[in-house]
Amino acid sequence: PAADLTKATLRLKWLPQTQFAGFYVAAAKGYYKDEGIDLTINPGGPNLLAENLVATGADTFGLSGGLDSVFAARDKNLPIVCIGIAHQMTPFVFVARADGPIKTIQDFKGKTVTTWFTGANHVLNAILAKNGIDPALVTIQPQQVSVTPFVDGQVDVITATRYNEYYTIKTRMGEEKLRTFVAEDSGITFPRDTLIVSETTAKEKPELVKAFLRASMKGWKDAFNDPKGAVDTVMAIAPTLDRAHQEFQLAEAKKLMVAGKVPEKGLFWIDMDAVKVTQQLFVDAKVISKPVDLAATFNTSFLEAIPLADRKP
Amino acid sequence: MTIGHSGLARLAAAPDAASASSAPAGPYLLEMKGLSKRFGSVTAVSGFDASIAPGEFVTVVGPSGCGKSTLFNIVAGLEEPDAGSILRFEGKGCHAHELLGKVSFMPQRDLLLPWRTVIDNAVIAMEIEGRSRKASRAEARDMLPEFGLAGFGDQYPHQLSGGMRQRVALMRTFMFKRELMLLDEPFGALDALTRTMMQRWLLDVWRQHKRTILFITHDVDEALFLGDRVIVMSARPGRVKLELKVDLPRPRSAELVTSPEFIRLKRIVLEAIEEEAMKSFLASGAAAPQTDAMPEVQP
Amino acid sequence: MSASPLTHPAVTPGGSAALRLLGPLGRLARGLAILLAVFAAWEALVVLFGIRPYYLPRPTVILAALVQTPAPYIQGFLRTLSETLIGFASGALFGIGMGLLFFRARALRELVFPLFIVSQTIPVIAFGALVVLWFGNTLFAKAAIAFYLTFFPVTVNTLLGLESVDPRQEALLRSFGASPLQLMTRLQFPTALPQIFVALRLASSLALVGAIVGEWFGDTVGLGVLLLQGMYTENVVSIWATLLVSALLGTGFYAAVAGAERVLVFWGAEQ
Amino acid sequence: MSAAPEVIAAAPRAGGCALQRGVLGIVLFVLAWEGIARGFHLPSYTLPAVSDILASIYAKRSILFTAAGFTLTEAVVGYVIGALIGVTLAVVITLVPPTRAVLLPAATAINSVPVVAYSPLILLWFGIGMPSKFVMVALAVSFTVFLSTLAGFDRVDRRSVDLLRSFGAGRLAILWRLRLPTALPLMAAGLRVSTVRAIIVAIVTEMLGAYGGLGWVIYQAVLQIDFVQVWGAIFVASAASLAFFGLVGFAERRIIFWK
Amino acid sequence: MTIGHSGLARLAAAPDAASASSAPAGPYLLEMKGLSKRFGSVTAVSGFDASIAPGEFVTVVGPSGCGKSTLFNIVAGLEEPDAGSILRFEGKGCHAHELLGKVSFMPQRDLLLPWRTVIDNAVIAMEIEGRSRKASRAEARDMLPEFGLAGFGDQYPHQLSGGMRQRVALMRTFMFKRELMLLDEPFGALDALTRTMMQRWLLDVWRQHKRTILFITHDVDEALFLGDRVIVMSARPGRVKLELKVDLPRPRSAELVTSPEFIRLKRIVLEAIEEEAMKSFLASGAAAPQTDAMPEVQP
């Protein structure tokens, strides 16, 4: 039967961790094989861009950065298509000290805020804009690898993913010492972790794409139902990881993945309304030169071809 | 403390008197006529004439840079002389490059290959000729005792003393069995005592192997002790300044160097050389010496 | 005449002979002792000054991490080792080949050499993404980076080594009637060997750098991966453990190349 | 001592004709590149045409030059610190011989870890600002300089040392008058090789986290899928390396005139 | 072709006869009694006795490795002799290291510093003494002509010929104004002709500067041509084998080496040396030579 399997690869946006548990579970349990796919999961890294690797055909599927990188890629004419979105809401929060001077977004003025210039900065700018704050009044700096500057009080506000840095800060300072600012509170949603394929794959191998989505959903549902097992699966691949952190991460990932319209529409749903809002944000911020062809960029047909019951978490 | 001016004057007549008696009769193995060689604007050798009879041991002395090595390079086939030069080998005129592989050449240093054992260094010429490696090795092994290297066949050069290295180089030269051997200052790097030993030993080996040897040296004692004939070269451009037949009995023993006849010949050669050394010093463009005792031979 | 070789002094000073016999073992023992002392001092320093563990963990903690989960480090070691070996071997062969080619074809060398030099000023890491594009997510992508860092020093030193042949030695062999091929195999290449090995020793460390950097471009196994993971999860203990394993790999590989050098270039660089 | 000088000699010198050929070689290479990129209509993420890269460098010159200045500052400051540390260590070992037994093995051990492997640790310790780059560059440079300087100090002829001793010279006088000048050529070779490494290490570290610099520009450009800019930054980095290398080489020839 | 066995026999009586007349009278500058030095299991020097009077020119010859340089290292203060050795300098007993900076020492090679000009090389010893740089430079400049270096003061060593470099090294030794000068084979690296020139020039300079010189050489002609007295050392461990007073008139000219008296002395020294060379060859552990002419001096 191995001969009948179609070879394919999935390029993740980062190193193995439970943020991607569903894919690893699906692979470990043979769900991809059951769908006729011989899937290799390739981790990402700093300096690697899934969009690029998928566009050139180096990888079949990509779990790429987010809407920001999808738009940027289309803006640069990379022939990629988004076939699903994993995180339905903004995965970043902005963290300040609970006992510090920053109580509201308005207090960001005159303070030092660090963030990543790989997408999170757009969220920050949008939040500031929504709250009528001139970004020039805020000292925005690229963020360190380590959270230590924030813990040591050299930085007033730090950007954290809910599943990674937030955990580190929390364990070092205690959750009660922290105050978090969430994008959704300012009416902004920034979906991330997009699934992409090349235009060629989308056109020529729709069955492969559907099969991949089916198997991945199955994997994720298993991961949600048996988090311990899922963590085991991931830790088998990256044994140096911290188990408690990974368990926390999976729980957070689940929250992000089942948010928004997912309860009705199923996992990986592409909420075109949210997409349009986000695009406007980028056009306004001049991150992309012009609006992209949304119909060509986002293809929900693969998702829709899967029975809704299978999609629901 | 002077380069005796009287000496120079006395010498004026000497060369011809001496060289008159020096040419051996019979067919020559090697003849050089009007041999010249220029390098850019430097004329290294100019109008060099000499003939070597089979079985002869001819030594060549001359100031540094007078073209001795250039001469050897030509005879070994490594360098072509300038047009007009005549080179005859075994009675036939020839180009220098035709001599490649026909003359057994030993350069100024031992030039042993450090990654080869004594035996393998000795057989390299035969290896290049394409001879069977096994046979030539066996032959070399048999020759070791004669060259004072018995038991050292499988040592590497860095394990040998200077004198032994030199003997390996000589063995290599002897094993490349050619009628004519060119030895360019083979003992130049040895200390005086080792050198004396090696000279006596070389005469011994030469007597047994009956080859023709052309031998360059800086040392007048060495030239006289070894040679049937001594050729003194002029300062650059090198010509024959003096040819001197050495009529000392063979086999020669260590005491010879203190014999009156040896001393007489030495005086003749020394004066010829000193004149040339002085010339070469003046030609080097330096100002006249400030004290009366600082002539410089090397340019 | 069954004489002992003359360079081994007729009488070897007793004490130093014993020392020499003990040499490798003794040096190993001394090295281990120093290592232990360093670890002890480090441990004491951390405990005494209460250094925070995410600045500098105690060596016992690091060793414990290694002992508790040895698998990733062993796998990483093996994976990085194979990438290093492949990159090193291909880089060395290519470098020597180019050296020989440049030596024989002067015009080609003058044409291409400046490009080689420029190529070495390009930061490898900038290439990482491209290498993954060109070679895919394979072991060879990493080996390619190791190769890229390796070949140049080898080329340069091969060329210099070949050019350092004593012209008198060459003249001697020519006077025996040696052909160009005979000159190359019997004289030029062996002469260049010590120089080539100097480059190979340097290249052994560079190849390892290449492999580790290469692993930063999307891989699951390897010391480079462990380093990245440690960095982004702020797992300082894991970073240190990986550093120790890298040191082991680096030292071991270097020692292997140096050992090969001692066997192959037994006559020493100077003659 | 076991630390052999690992310094690769400089590339063979080029004569006048060789220079012309070298330029010709580079021109041919650039033309071939341009031809391939244009002829096969390669997308920019595979291989952009040289002309596009040059145009982009021109267009983004202020960004690139600022970044190059940033990177050069990191590289040069780290380089100077590293060189000073390297020379100081070698001097200490030479003046106080007992320290050799400790310092040399320690240095060799630290040096056996590829420099890039330290970067995660250094970034965690020193942050993503310039200090972490200084440390990384200094780390990379100091070992090369240390080992080559020490090899130079040790290379001095024992007989020369004895000669100066017979004149009544002490250790310091011997170091200053004899060991240092003897070591200069090897030191210089180490310093020259280190220039290129300094810049590369600065860039590599920048790519893992920085506020600016060529590595940061490359990182950003990769994320923005702007491969023409990636190449532009690589070109500028390469030019900066060559300039730094040339400068040190020039200084070397001025100082070591007797070779 | 033999190391004359008759020679060895004849020599048996010679040393004492010769050395009887050799000890100069008066207070000595340097006295060595029972000087010994072991390196591990190798005894380099053992029971060496000799005394040097002020103003004397004493030459030392001996087979390679017999401990000549070791002796010099001790006298220069670089190495301590073994317990029991007696060293007296200017009439007072002393440790070797007390001689550091008190004796003017010139090692086997010129050891010029390539980054210093001729002048700066010459003044290095004075610089280390802490003397004013300007004054010592001026002094050096004045001495240039005497050393045949006029106009070369600002050249660098690589711009000089071998003979000139050697003169710079000698100038450096002379400028370190100490009563006793130790010259270790200063001309060993020069070719035979340059060497002869340098010997004559050295005698000239010595005559003018009136220093005490202890001079090592391998070359018997050189030892006799230069010395008031020749010390022949035995094979390792080095002792005094023969002390020979050289009663040749000064100033000495080039012709001296072919004079009968010179030849007579040379024969005595040669025989003493040859006996030692033979011993040192036998001691090196090799079996008896296969030919009668391959003794090996270097270990």
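Labels A, B, C, D and E are assigned to the chains in the order they are written; within every chain, residues are numbered from 1.
Throughout what follows, a contact is a pair of C-beta atoms (placed from the backbone, for glycine too) under 8 Å apart; a residue touches a chain by one contact, two chains touch by 3 or more.
Keep in mind that what you see is a predicted model, and the values were worked out from it rather than measured.
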| item | value |
| --- | --- |
| Partner chains that chain A and chain C have in common | D |
| Chain separated most widely from chain E, comparing mean CA positions | A |
| Pair sharing more residue contacts (C-beta pairs) when D-E is set against C-D | C-D |
| Centroid distance [mean C-alpha coordinates] between chain C and chain B, Å | 48 |
| Centre distance in Å when chain A and chain E are each reduced to the mean of their C-alpha atoms | 86 |
| Gap in Å, rounded to a whole number, between the CA centres of chain E and chain B | 30 |
| Sites on chain A at which at least two other chains make contact | 46-49, 52, 56, 145-146, 148 |
| Two or more partner chains touched - positions in chain E | 290, 296, 298-299 |
| Chain C, residues touching no fewer than two other chains | 1-3, 6, 54, 125, 129, 133, 228, 230-231, 234 |
| Sites on chain A touched by chain D in the complex | 46-49, 51-52, 55-56, 65, 69, 72-73, 76, 78, 117-118, 141-146, 148-149 |
| List of chain B residues in touch with chain C within their complex | 73, 76-78, 100-101, 103, 105-109, 111, 113-115, 124-125, 127-129, 145, 150-152, 155-161, 164, 176 |
| Contact set on chain D toward chain E in their complex | 157, 159-160, 162-169, 173, 177-178, 181, 184, 256-259 |
| Chain D to chain C touching residues, read off their complex | 4, 6, 8-9, 11-12, 14, 17-18, 21-26, 28-29, 45-46, 102, 105-106, 109, 112-121, 123-125, 196, 199-200, 203-204, 207-208, 214-215, 218, 222, 230, 233-234, 237-238, 241-242, 245 |
| For the chain D and chain A complex, residues of the former touching the latter | 43, 45-46, 120, 123-124, 127-128, 207-211, 219-220, 222-226 |
